[in-house]
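Which chain is which? They are A, B, C and D, in the order written, and residues in each are numbered from 1.
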Amino acid sequence: MTQDDLYRTVVLQRTKTPLYAGKLAQANAQGQGTNPLCGDRVHLHAVIDAQGRIDAIRHETRGCAICAASADLMAERVTGQEPARIRQLHADMEAAVQTGNAPAALGELSAFAPLHRHRSRIRCAMLPWTALMEMLNDDKDR
Amino acid sequence: MMDQVVTQASDAAGSLRHIRADFPILTQKVHGKDLVFLDSAASAQKPRQVIDCMAETMRTQYANIHRGLYWMSERTTEAYEAVRDQVAGFLGAGAREEIIFTRNSTEAINLVAHSYGSLLRPGQVVLISEMEHHANIVPWQMLRDRAGIELRVTPVTDDGALDMEALGQNLSDGRVALVAITHMSNVLGTITDARAIADMAHAAGAKVLFDGSQLAVHRRVNVRELDADFYVLTGHKLYGPTGIGVLWARREILDEMPPFLGGGDMISTVSFGRSTWAPVPHKFEAGTPAIIETIGLGAAISYIESIGFDRIGAHEEALTAHALKALGQVSGLKVIGTAPERGGVISFTMADVHPHDIATLLDRNGIAVRAGHHCAEPLMRRLGVSATARASFGIYTTPEEIDLLAATLVQIRGFFV
Amino acid sequence: MMDQVVTQASDAAGSLRHIRADFPILTQKVHGKDLVFLDSAASAQKPRQVIDCMAETMRTQYANIHRGLYWMSERTTEAYEAVRDQVAGFLGAGAREEIIFTRNSTEAINLVAHSYGSLLRPGQVVLISEMEHHANIVPWQMLRDRAGIELRVTPVTDDGALDMEALGQNLSDGRVALVAITHMSNVLGTITDARAIADMAHAAGAKVLFDGSQLAVHRRVNVRELDADFYVLTGHKLYGPTGIGVLWARREILDEMPPFLGGGDMISTVSFGRSTWAPVPHKFEAGTPAIIETIGLGAAISYIESIGFDRIGAHEEALTAHALKALGQVSGLKVIGTAPERGGVISFTMADVHPHDIATLLDRNGIAVRAGHHCAEPLMRRLGVSATARASFGIYTTPEEIDLLAATLVQIRGFFV
Amino acid sequence: MTQDDLYRTVVLQRTKTPLYAGKLAQANAQGQGTNPLCGDRVHLHAVIDAQGRIDAIRHETRGCAICAASADLMAERVTGQEPARIRQLHADMEAAVQTGNAPAALGELSAFAPLHRHRSRIRCAMLPWTALMEMLNDDKDR
């Protein structure tokens, strides 16, 4: 057996040793995503400034390797970003998993592009993004 | 055509190894590897006897049934109704009229919940168990919410058997009208003691329904020996087509039940003021049925019977024992469900590796297993897990495939620790 | 495989005569004579594109859908869900989520009667017509008897058209919640003016359901142009498999409707206390669906579209005109149903000869027609007949077959006078 | 086209010119059979003596040629017969249409034996017998 290119080192590492797991005491925004099919769950805590930029973000994830690594890499990637940029990243991510072609801007997030050949797992990788979009929409409504 | 199917199958059954040759799909490659199909509990593969029978029916004898006065229709009607006799024999039913064709087990249970359920009164109880498939939970919840009956749940023990003492307690207030319990769990592999359950239910004045979706593939069922009142099964798990399932119920109960779906074929006379119903089984088969699928189910049953449940059971017991041993040697692996009476469905978790990742990484090696809640969320909560991986076996499964599963699991775990 | 189907079909469609070669059954003999199949309105024959697609699915790619995390299951899920897109396109639906797979038209109408029907209140009216098939009568009677709604019947004219003036009167009290009317009569061949009916229903505050079981085979349907609220059809009349039908409804109506059958796949979460439902369409598809049949329906639709409704319609109009002329020359023969807008379904009686005898004697000559009440007893009473004989046409029907029918009818009459 | 052996001369004749159609003013027994599938109907009127023997019988039939001829030939055959004999004839008739082999005792009723190859029409021929059996059972209950 050869290691699947979906389970690249970066994915396995971030699953075993996440860099953005946990809560934030000063969080002023929350987001939640659940996959009813398997009970997997992502809970986001963030500090968002007046312009809507994410100053800091942490995730609590109960899920598979794809979901947990996606949450951690997402947290890293969106830190310091403004809402418009984040929405673009979300669209790029969606395109990558659907087509297998990752826009360059995705950086390490392109690790999930092979999911286009494992379509049933796409929602595992997208669950953190669902939680993030929920958080951004809530923030906008405030 | 039926004769031909039987002969081909019994030749093939000469050796269980030859059985694999009857299943064309088993030669497929997945991600460049040989397919190892270990998800038969979700749906079994189809032998060429079934595929050919369906194609041949469409090529040479198809017509709508029951209402045609011409030869093609008469011939197709006979083939369709012959399957009713065949299923009656397969289940040990008292009469052919006791066999109702449905889409699947789910529809069969919904039929009972709607039709028999409409005879229940507020305060009466339907008793199910903690290890039911959603198909044997949700229809009763919907009945509860519609009709004000009580839905009661009887527990399983920690090893995944039905807790018979608790069952007795749950029956003791005499308010239970119907016990609806699985004959074999699709998660734990547990085979329940249907006859003992029926005796307890009857002693408490309740009727009993068994969900035989899983069991009917593995063991011979005799509804009269089980003293059941209702029994359901689904064709696609029985090496048969999709779109066809079976409800068996005692004649006198069916006679009392109002129809479920209305339309053609289920009526005796129709006027705008009032219609009258055809006798059973037709009262419960509205509209054009799944004709080709029913005939295909007949071919599947012929195929199974040509092999025989003695050999199917022996093969499966040997495989299950082998699998429990092989999986027991994978470090970190925990089998969920260790009841003494069990069949070839094995759920497991593996420390540090999520079931989703197990399934995907096995798939990359050609091995198909299921991962998730297996349509049994309440059981998952009872077991304290959110998902499991599950390997399940069919008559075409080999010990070598199980060894490959175990070896691949060891490698997968290696990635994660 | 889909591409292959389309290519084969369009080659075949090069000439309508070549179409016959796609239907293997047409070479069968009946009582030693060439089969002349004139019962397509009861159920159409299947082209090899459908038969091969189903067999091939079982041979190479079958697995249960939606819940599997492995390639085989993903691939079959995609094939199944692709048919939803295809049917949405076929019917001109606003969204793929508006397509619900059922067993047949009968189940589709029952689904609406149970689910949408549960939202109706005593005193509200369901309005059907005198020319409905039992499938569009009995479910509403059962709803009436369950829920205390009123079932109202709007008449047909003597030539078998829908009486539009009477329809207006029947809508005028504003109590009608739902108009459920056939888009084409399976007895009279009448095609109703669905758009006009929808406009009248909507003006009166009612929703409208069309039974497209017969029409969808003959003419292109566009549910948005018709401004329909519900539309049903059945696969086996559409050159597709048995065991598969379609309910289309507007998204906002489906969203409001409670589920019909409970079980796996239709839930979002299940606990014993309370379950929540999946979004549409899955809310209405409980349990393992007719996977292979759905994929087969996709092949049937590809086949039909490769021929095109322009050619199908032209072929059928020419045939129907030819048949009306040829049958008009048989002495004693009376065509039942002479509405100006009509399709290739022709009911008739013949003085001195009972329809049963007509059917049997035609069958002895290889000609399959239907005789009886055609699941439309109330219409029979309205027309003052107890049964009719019926010849109905498919894309494979030829003028020569109709000439043989007419000539044989002349001979049959000869026996009896 | 050749005339079907099912529609033998005797069947056609009895359909066109029934010998036992009508009512009986002095009838003391009635029987009725309906085929819900097509609305066909047989109504029997008979004079039955104290021993249960049929002294006279007439039928009113709305139905196909097979049904009408069967009613007429049945009426002829059972006139003067006792219940036990009639039940035997019913069994013989049932056997004939199911198997195609007509017991000699059936006489002209054997015209219906070819129905075993037209199974959907069997109930047309048996409808008069259903009505007759209903009549006999009612008579016994009296």
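Points to keep in mind about this one:
The working rule: a residue touches a chain if its C-beta (ideal position, glycine included) is under 8 Å from a C-beta of that chain, and two chains touch if they have at least 3 such contacts.
None of these values were measured; they are calculated from a predicted model.
A straight line joining the Cα centres of chain A and chain D is 81 Å long.
Chain geometry summary: the mean Cα position of chain A and that of chain C are 47 Å apart.
A separation of 31 Å divides the Cα centre of chain B from that of chain C.
Counting partner chains per residue, chain C shows two or more touched chains at residues 67-71, 73, 267, 269, 356, 360, 363, 371-372, 377.
Residue positions 37, 118, 121 of chain D are each in touch with at least two other chains. With chains as nodes and touching pairs as edges, the resulting graph is of another kind, matching none of line, ring, star or complete.
Applying the touch definition to all chain combinations yields A-B, A-C, B-C, B-D, C-D. Listed in rising order, the residues of chain D touching chain B in the complex are 36-37, 117-121. For chain C in complex with chain D, the residues that touch the partner chain are 353-357, 360-361, 363-365, 371-373, 377, 380, 386-387, 408, 411-412, 415-416.
Taken in their complex, chain C has these residues touching chain B: 24-25, 28, 30-31, 35, 37, 39, 42-43, 45-46, 48, 50-52, 54-55, 58-64, 67-73, 103-107, 109-110, 113, 133-135, 137-139, 141-142, 151, 153, 234, 236, 241-244, 259, 261-267, 269-272, 274-275, 286-293, 356, 359-360, 362-363, 367-372, 375, 377-378, 381. Across the complex, chain A is touched by residues 67-71, 73-74, 77-78, 267-269 of chain C. The residues of chain A lying in touch with chain B in their complex are 1, 3-4, 6-7, 12, 15-16, 37-40, 62-67, 118, 121, 124.
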